[in-house]
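Look for subunit A in each of the two complexes below; its partner is subunit B in the first and subunit C in the second.
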Partner chain A sequence: MTTQEIAALLKERFQDKVLEVVETDRHSHVRLAPDVYVAACEFLRDDERTAFEQLHDLTAVDWIDWFDVVVHLFSIRKKHSLCLKVKTPSRDDATCPSVTPVWPAADWHERETWDLMGVKFPGHPNLRRILLPEDWQGHPLRKDEGNPLEYHGIPGIAAIRTAEENLRAEELVKKVQRKGGDPHANPLGGEIVERVRGRA
Partner chain B sequence: MTDSTTQSVNGRGKPPVSDDWSNPSRDVRSEEMVVNMGPQHPATHGVLRVAVKTDGETVLDCEPMVGNIHRCKEKIAEGNQYFQFMPYTDRLDYLAAMNNEECYARAVEKLCGLKLGDRIEAIRVIMSEVGRVSSHLMSVGTYGLDVGAITPFLYCFREREEANSLFEAISGGRMLYHFIRVGGVARDLDDVWIQQCLEFLDRVERKMDEYNTLLTWNKVFQERTMGVGVMSKDVALRYGITGPALRACGIDWDVRRDDPYGWYHKYKWEVPVADGRHGTLGDCWNRHYIRALEMTQSISIARQAIDSLPKADPAGYPSSPHHPYTPGMPKFISAPKGAEVYVRSENPRGELAFYIVSDGGKGPYRMKIRGPSFVNIAVLPEISRGYLIADLVAIIGSIDIVLGEVDR
Partner chain C sequence: MTEIYRAADWNMMRPGPGGAPDDDAAILTTIAGARDLIAWGRGNAVWPMTFGLACCAIEMMAFAGTRYDVDRLGSGAFRATPRQADLMITAGTVTYKMAHRVKRLYEQMAAPKWVIAMGACTVGGGPYSKYGYHVVQGVDLVVPVDIHIPGCPPRPEALIDALMKLQELIKRRGSIEQQASIADAVRKGQMDLMNGMAPGKNSPPPAAPAAGASPAAPKVSVAMPAKPPTLTAPGAPKPPSPPLPVGVKLPSMPASGAPKAPSPPKPYVKPSATSPDVAAPEAVTKDATKAAAAATAAAEGAAGSAAAESTAKKPTGPKPPTVKSTTEKPFGPPVPYIPPHQR
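Coming up: the complex of A and B.
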């Protein structure tokens, strides 16, 4: 079945809760309202015409104002696929119902999405961090998340860069001094030192 | 006493959990305890930690703790251009780097709407299948090691070294190749390499019987793995298991055949599926056996691809180590704004998939990597409850995970 045909089945059942059907040659998806998302997943799994017994992937995309939870389903019996998208209410309220009761495969995918993207899944039995340590601050795949400076005494990449650049600036100063010059008196050398330091 | 202990260790299936003292399995039960297996345990294939709740020798429950080598590749991808991310894909499933590269290249090509020449498609099939043989040699060999058979491991490594040398001859790397590029490959195949490749395939095919005699049909190995870690069809589907572990449950599904990509539709081969004639459907032995059978099929596909390899493009595209063989590839690639793709391929460990969202730039706006090992290892608690701790090692080995891909 194509995405359009599956969307027709969903529309028959959930009427106007099917918000959008997009079909292109690259990728097709059906956008659902969050309140019918779990019910629609159960329907897609149990209905003989769709028979999506496999949740292949679940992830989220950060669109600054909101998050899209993207689910890829595959059916081995029917050999067709479907992509579902659900929008979270807002960036601050990044929640989406959990489909772990429908497919246990969603368990780890939802934990990963919470861990890296910070989308909460109410109804998930065990929503803890999975890839990052328990005491990690923030969710690295969010667009506004920078590189951490430090974690338990381990310098982050930003701190390493700063240290490297300071070292380079000091070496430059020493090089100029070895040649008998004053690095700050030399307009060009001083500029270089200031520029390197300024970046740090 | 000795008699009952032997019986309980060799007894198949889940030991009863009752307090029946006439039950022989009481000898291996004591009080509950939580034991950490790993992350430096040699049988966990990398830095996997499994927290095991035990009762004597019996596993009551376990939880895989992953993330020890998490590198946040998805964030790295967002800061790079499409072609720059290619070497990072090698480091996902580092035992099957060619297959990862192939999948990622295909995802980017679909996103940017690039078409490939026939020769490149055939070269990619050869590379993927030789990569699969190399990867399965590793998993078959180390699986023997996990359950106590050291010799097949050394034999498999002997052959895998040849595969590494083969890849080194064409790409310069023994493990991480960066050979497949967006729009083509790093260099064209020459006749010498093709001859070496054919010799390698012949040799592995001859040796396959030896491995099967040593390991697959070995009575001790069978006693150790048959009926252990039984995964039912239902569990496999609900947990999204893919690859050899899925086919070992008797589910006839292979992306290369059922959702064909690349040039796989041009070749004739069979998808090995467990039929339950030996052992129990979905047990450790069947997962191992499917891999052994798949190697034979991969050799067959690679041979067919070499036999029907199309001639090099008549335009005389420069083919040397210094010129990537990417005919027809534009100098700069970018994807349309808002375009997205979900591309999957049959990797040695299951279905690898890339979900890429573009915002019209030179690199991805968001990339999700669906690693098969990450999904497959999640089923471990479900299939290991009630078995012995020694069986847990056999089960982890039979799922065949690579931690580079679990943690990404």
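Coming up: the complex of A and C.
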């Protein structure tokens, strides 16, 4: 079945809760309202016409104002696949119902999505970090997330670059002062500042 | 051998301070000989730990296999426990989560122990250096490293080369006095380089630190590089820099006595096109001496023209970073992001 045919089945049952159906050559998806998401997943799994036994992938996309949870399904019996998308209410309230009761394969995918993107899945039996250490702060694949400055005393790239720049600047200032010059007044000062900046 | 065994009491041979109560020259000669013998034995039986972190470990397995056959160098006995291993090959990407395991494994190894940092990731973060949120910027931030191997991943031949260099290192070190004086000489050479002098020319030759304590300590021959690359050519005439116009204020430099504090995050700023040292990053080639000379020439050649440009439109570029405490906020500030469809 094509995405359009599956979407017709969904629309027949969930009416206007099927928000959007996009079918292109390469990538088709069906966008569902969050409140019928789990029910629709159960329907897609149990109905003989769709028979989606497998959940291939579950991930999320950061759209700044909201997150899209993207689910890829596949049917071995029917040899067809489907992409579902669900929007979270907002960026601050990044929640989406869990489909782990429907497909146990979603368990680790939802944990990973929580770990890296910070999307919460109410109904998940064990929503903990799965890849990062448990004391990690933040969710690194969010668009507004920077790299850590340090982790338990190991400096990150920003700290190392800044420390190197400071060290170079200090050494050059000291060198000028040793020769009896003022690095800020000396005509060489400009060159030194440029050199520090150029190698930074 | 009886003499060696008598002298080779563990407490006397131990390569650490306070090891040998040296008062008899005859015994001392034997101790020095025993140390050489032990160093020779250690160098020819470096047992690595069975320990791989990422894709470099595949090359490490090839290095241990029959085709490259590292057993002929005495390092084929990969031990499955750190307690029996002498060498840790950090083969692969070290993440922050793994770093503490790596450190713990290193601490479980019995001294003397050595580390080879294999591959670009363990040398300096590799391809994950700039944008990876999870990769340590070089395993030498976690454990002390003896040999670094570049490459992504290095060929097994490179690892064999590193192992042979490590063997030379182990055999050359011999004693703690030698290690200390080599480190001292290297440090002095670096200080000379920083002061713009040729290393070893203007400073007295390094004295063995334990010379007073043990007058018959083994003679140290420190092998310094014959002509390390200097940052500034000593005899090259400098182009005269134009004096600053009155009223132009240079960007403030951090004070030399600034307190060392965790530095704030700073977005990486690309060097501007008018920067006089724009040729410097291209100069990282294998021939360091030539490259350094070329970079110096390019920098000094560009200094005249670029200095004129920079005086014309000052102040340019970002200010040098200011030192600020970020202990309560371990993560950088949010980077403003505009998605592609809104640009």
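Assume the second predicted complex is superposed on the first by the 165 of 200 C-alpha atoms of A that agree within 3 Å, B and C clash if a C-alpha of one lies under 4 Å from a C-alpha of the other, contacts with A are read in each partner's own complex, and residues count from 1 in each chain.
We take it that a contact is a pair of C-beta atoms (placed from the backbone, for glycine too) under 8 Å apart; a residue touches a chain by one contact, two chains touch by 3 or more.
Please read these numbers as outputs of a predicted model, since none were measured by experiment.
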Taking the superposition as given, does A:K85 touch the first partner, subunit B, the second, subunit C, both, or neither?
neither
Is A:H27 in contact with subunit B, with subunit C, with both, or with neither (first, second, both, neither)?
first
Under the stated touch criterion, which partner chain does A:P140 make contact with: subunit B (first), subunit C (second), both, or neither?
both
Touch check for A:H124: first (subunit B), second (subunit C), both, or neither?
neither
Can A:A169 be said to touch subunit B (first), subunit C (second), both, or neither?
second
Touching partner for A:I64 - first (subunit B), second (subunit C), both, neither
second
Which partner chains sit in contact with A:Q177 here, subunit B, subunit C, both or neither? Use first/second/both/neither.
second
Determine, for the superposed model, which of the two partners subunit B and subunit C contacts more residues of subunit A.
C
Please indicate which partner A:L132 is in contact with in the superposed arrangement: first for subunit B, second for subunit C, both, or neither.
both
Just to be sure I follow: which residues of subunit A are touched by subunit B in one complex and then by subunit C in the other one?
132-133, 140
Per the contact definition, I'd like the list of subunit A residues that touch subunit C in the complex.
63-64, 132-133, 137-138, 140, 143-152, 154-163, 165-166, 169-171, 173-175, 177, 183-184, 187-191, 193-200
Partner subunit A, residues of subunit C touching it in the complex:
96-97, 99-100, 125, 129-134, 136-137, 141-142, 194-196, 241-244, 250-254, 256, 258, 262-266, 268-269, 271, 275-278, 280, 299, 303, 306-307, 310-311, 314, 317-318, 320-321, 323, 326, 330-335, 337, 339
Write out the stretch or stretches of subunit B touching subunit A in their complex.
66-67, 70, 72, 74-75, 110-111, 237-240, 251, 253, 258-259, 339-342, 344, 351, 353, 355, 357, 365-366, 368, 370, 374-375, 378, 382, 407-408
Residue numbers on subunit A that touch subunit B, as the complex places them:
24, 26-27, 53-57, 59, 61-62, 70, 72, 76, 79, 83, 103-105, 107-109, 112, 116, 129-133, 140-141
